[in-house]
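First the structure, then my questions, so here it is.
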């Protein structure tokens, strides 16, 4: 019983981590139609900023708060300088963002010397329930993920900002003809997606330690999650991430991890083959 | 009968777009399909051409049940569709658009090895000339105005020499004069082809069609020759009713 | 620089092929630095055979395809007399053919590895499974317990090492509770940790590598493994890897290598090279055993000895001399090639992490045999 | 009447990302192309001839080790060709092209290792077949079926295939695991052995030229036009009566076969195979070649492979520590300012896919 | 006093191909103006240039006394220009409700949406459906409704009744006539009668040039007109 509880918690917490990482990716992919290969590097930057705060002796949570803002600002700038040119050609965009990711990743690698560096959790230790130990930080991540998810959902579905965003990304010229400033919306959306990645990076760095390939590690998983969930909505990728995350954490409990690893991907592809619109077909938010 | 669609039902979520609609078209018949907006005309056309799978009902074509056929198989059996929303191949030239339509039924071997291009050149240019597009043959289709794209689409639909041509609002965005010309262009194909045409312009329909089917709320309200339909009281009623 | 006795002859060319970029660049750069240091030192002492040494460094970029191209540059363009490098086994496999078979050149591989490399003209100067397990595992059983778990990354080194380790464990009355392999980039180990805790494992003999090892140790710690008296063991852990986790999470972790920096306290020669290295290369790239830096030092010095003995630089003569080359001083102590085996005997040390630093807890009495080939 | 290009750019820049924009970009391209047509049409054959001559002369001017390098580049160009066929012409985003390249490589490596088969007339067809078979299986699964598959699905599907194969190769001992299969015996013809050098170079170049011409014939046939149509709007093409999915599967399979051929040559030339060769890294690399050079031109793929490899080689020589960053910056610049690839410096849009030489007839 | 929208010597086009040549027209503060012409005459191009989808190459474009030729589309729209494009006139993946909400982003009237729904009751039954799945006619209604919601001072309609059922056309015409009493309306329309009922004044384009212009009645009875409309 206790065992099952621990298992459920661990699986859930990894699912939450994947959801957190995929949130930004999903928003950019679903709403802007750009499969952003640099998304992993935004996660990395978020992690790096948190590390910097720690290394400079500032409180870690300060780094964590700063990360989404800094990465978001960077995303905004990159959108205006680079991404903006790609909207008409999604595949070129993949390659463009790939190059961008490469640049960021290799630069960060240079900055951290290619090492694996530890960043302590702001809330460390474990919550003990009887003989069971539950990581306090992982628990915090679950809570924050839920909050962020709800916040994003409300933002997109309930505010006029969300409406503008969806309208712009759906049909920009018509959006302009409805009086919406599309360049601003594009910038804002991309910045928002980047900021979420930055936040994800900041939150997960204590769990996984900082290294240059931190973001890359989750990228393919993220794309698959987006597809499984269904491109075109906010909820879809989130649901997909939940499924992929929990599956990758759950399968190793019942089979050889090496098999589980490949199996998750194969299952995902087969699923998409027979349900191309994804878990949640692309409508609504 | 060339085409027999019977008992077609199409349900989208909560909405029943077609509720037992039927359509039968004979050889060399021009058949008009009319009805208010949202009455299910386009949906019925799509069910016939295979773009939508009907929830219920059967479609048979040249005495074969084709309900389970894919669009490709239907096209190969001799059906050709022009969508309501124009869908030309935007970055190919007009020439290539037509050429593609012309040789859709060729075998793979022919596609790869035979020199159909030379052989088909005159046909392509003739088609383009008919539709007054010849001088733009080597421009990308995206550079056409909306009306010009409609024409290109009609030309493409005709190019495959279909037994049955399905046109969904081919004259949208055309002036009266242009409609007349389109009507004239369509007349000669009657020798070898039947036509189902969706239109809102009654005068146009009256001029070219032999028979009419009127749809309303997914059901056939009436079907018959043009004078019969014009005399039909329930048809007159929906024409008066506000949408 | 020093006046060369045989300056008229062209310099002797030393090729280094290592990961200057890519995920393990920290190791590759340290190796390249060590090579620069050693070559400088040899040149300062008058070169070899009266000729200066010239260093050619190429990047293997953790990408075998790039590596082969660059190694060809060393062999075919620069015509080096010897190549030292490659860190991972797959890299060694990729570049050994262009160097040894097609390139007809001498190859020294400096990293600790799984053993079984018996290609002629290929010399290994890092520790082998026998060197890392023979004394270490009995120590673990005594200082940890009998129940072992072998969680591993799924590639050749852990597989081969585990075969050896299991033998030693069982020979010493221990027991392997489970041996399990994970994808190289697996980062979630909840299932494994659960298995370790519920099976009451005493020693986790870990061959999971970064990036997975950080989260793995953390999850183990959070599950109370250390608190309940468990012992972590990891034979590639050196000063570089100490920073992956917070000190508390790996308190008591034991490792067995040919060199630890703490040795500088007791060993003047180690203090000397460590100081020389840190003076020349004060940056982040540490002089450490796990990144092949010590193997690189040892390899170059052994090769120097062999060239001196051969008096010539052609491959056959140097290989013949290298076969039984010895150095009296190296990182961690003396080293000597085992004749006919192309592997190296060296001293081994067992160290335990305490508060973010290592403490030496055991050392081999003499040079340990690699037991290869 | 002519407006300066800046105006055109502005038009495009103010109107990003929707159909209207696409149409406008098209319009601009068509305009340019018309000028190009007037200026003297056939640029593509000239480019092809120049590349061929340069390739023929290369070993005469290059140092030995560079000839070996060039051989490898030519093999990679062949590989790039296979991807261009699939992506540039049929619009199938194969993000897993390395799967066919690498599995063929592994296949011939096993032939050489376990059965001592190195005869060129056996191993090259075998490699080609392996590539073909894998492409048939994967392509069949991804491309055929009731729902037409989206570009993104296919790209992720192929990516996953490649990723899974990489994982498999790493974990499978028979294939050498992470370490791959080293020291493959040289390819042979009777007692002659193809070792790296000019002979190997010309062999590979010959193969490239033959395959190139075959591909060229294929894509300029009506089949090629059908592919171009497919890429624009698969559904529309299906409604014409084309067996769209079959056409895609066929070209995908052909691409796989070419990749297989390249992979087997690569295995013998480099002398080893390793898991990356079936994996995502190499898959991405080939995409870069083609995008860099210019997709949908065949020769663009070749040029792209040569330039990307050449530049990386040069950079890693001269900027040893930061060359990946510089490479990334260069890539980004090309993609930003030459989204149609380097080839677009000399080649107008009209000479790319989907435009065929019929206009000569029309304008007397 | 200047016209509300004042276009002088306007040249415009796509890429390098020029479509509009030296177009000059004036739109009054209120009332309807029809733009006629055969397929490909340049009507859509003119509309796009006015809202700023396409840059003007040359010439003047003044709205409400201010030069707008350098302003971005959205600024022009916010200044009071409403636009119903000929194609792609709805947000296909957004629901009908959200489409209307986008239209009323700038509007202050609370009951504006209800007003549109009374004009087009059909839309009321489709509120949660993605607009892309609407029938052709429904889509046009939605597009017109959306543009009306923005409280424009000048409304551009590019073939608003294409594919619309006759009964609804009648309704639309009535509304447009009503609208034209308070604001300016430019209508591109193939239904000549409808266009000229809404418009007091008409321009006829031919190959990108203004070929005819005048009071609606005059243009209607001009014997040249049919020649310019025939293909």
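Note that the chains are named A, B, C, D and E in the order they appear, and that numbering of residues resets to 1 at the start of each chain.
The working rule: contacts are C-beta pairs under 8 Å (C-beta built on N, C-alpha and C of every residue); 3 or more make two chains touch, one makes a residue touch a chain.
These numbers were taken from a predicted model, which means no experiment stands behind them.
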| item | value |
| --- | --- |
| Graph separation of chain B and chain C (steps between touching chains) | 2 |
| Most remote chain, CA-based centroid, reference being chain E | C |
| Where chain D and chain E are represented by their mean Cα positions, the distance between them in whole Å | 47 |
| Intercentroid distance (Cα basis), chain E paired with chain A, Å | 43 |
| CA centroid of chain A to CA centroid of chain D, Å | 31 |
| Centroid spacing, where centroids are CA-atom means, of chain A and chain C in whole angstrom | 37 |
| Residue numbers of chain D (touch at least two other chains) | 15, 18, 20, 22-23, 27, 29-30, 167, 171, 321-322, 324 |
| Per-residue overlap in chain B, given as positions that touch at least 2 other chains | 143 |
| Touching two or more other chains - residues of chain E | 14, 17, 52-53, 72-73, 87-88 |
| Complex contact set, residues of chain A against chain C | 3, 6-7, 10-11, 14, 106, 109, 113-118, 120, 125-126, 133-135, 207-209, 211-214, 217, 248-249, 252-253, 256-258, 261 |
| Complex interface listing, chain E residues touching chain B | 14, 17, 36, 38-41, 44, 86-87, 121-122, 129, 133-138, 141, 159, 162-168, 171, 190, 192, 226, 229-231 |
| Contacting residues of chain A [partner chain D, same complex] | 35, 82, 84-85, 87-92, 94-96, 98-100, 102-103, 106-107, 110, 171-174, 182, 186, 220, 223-224, 227, 231, 258, 261-262, 265-266, 268-269, 272-273, 276 |
| Chain C residues touching chain A - in the complex, by the definition given at the top | 21-26, 29, 154, 180-183, 185-188, 190-192, 194, 198, 210-211, 214-215, 218-219, 222-224, 240-241, 243-246, 283-285 |
| Residue ranges of chain B in contact with chain E within the complex | 12-13, 15, 35-38, 41-43, 84-86, 132, 143-148, 150-151, 169, 172-178, 181, 200, 202, 238-243 |
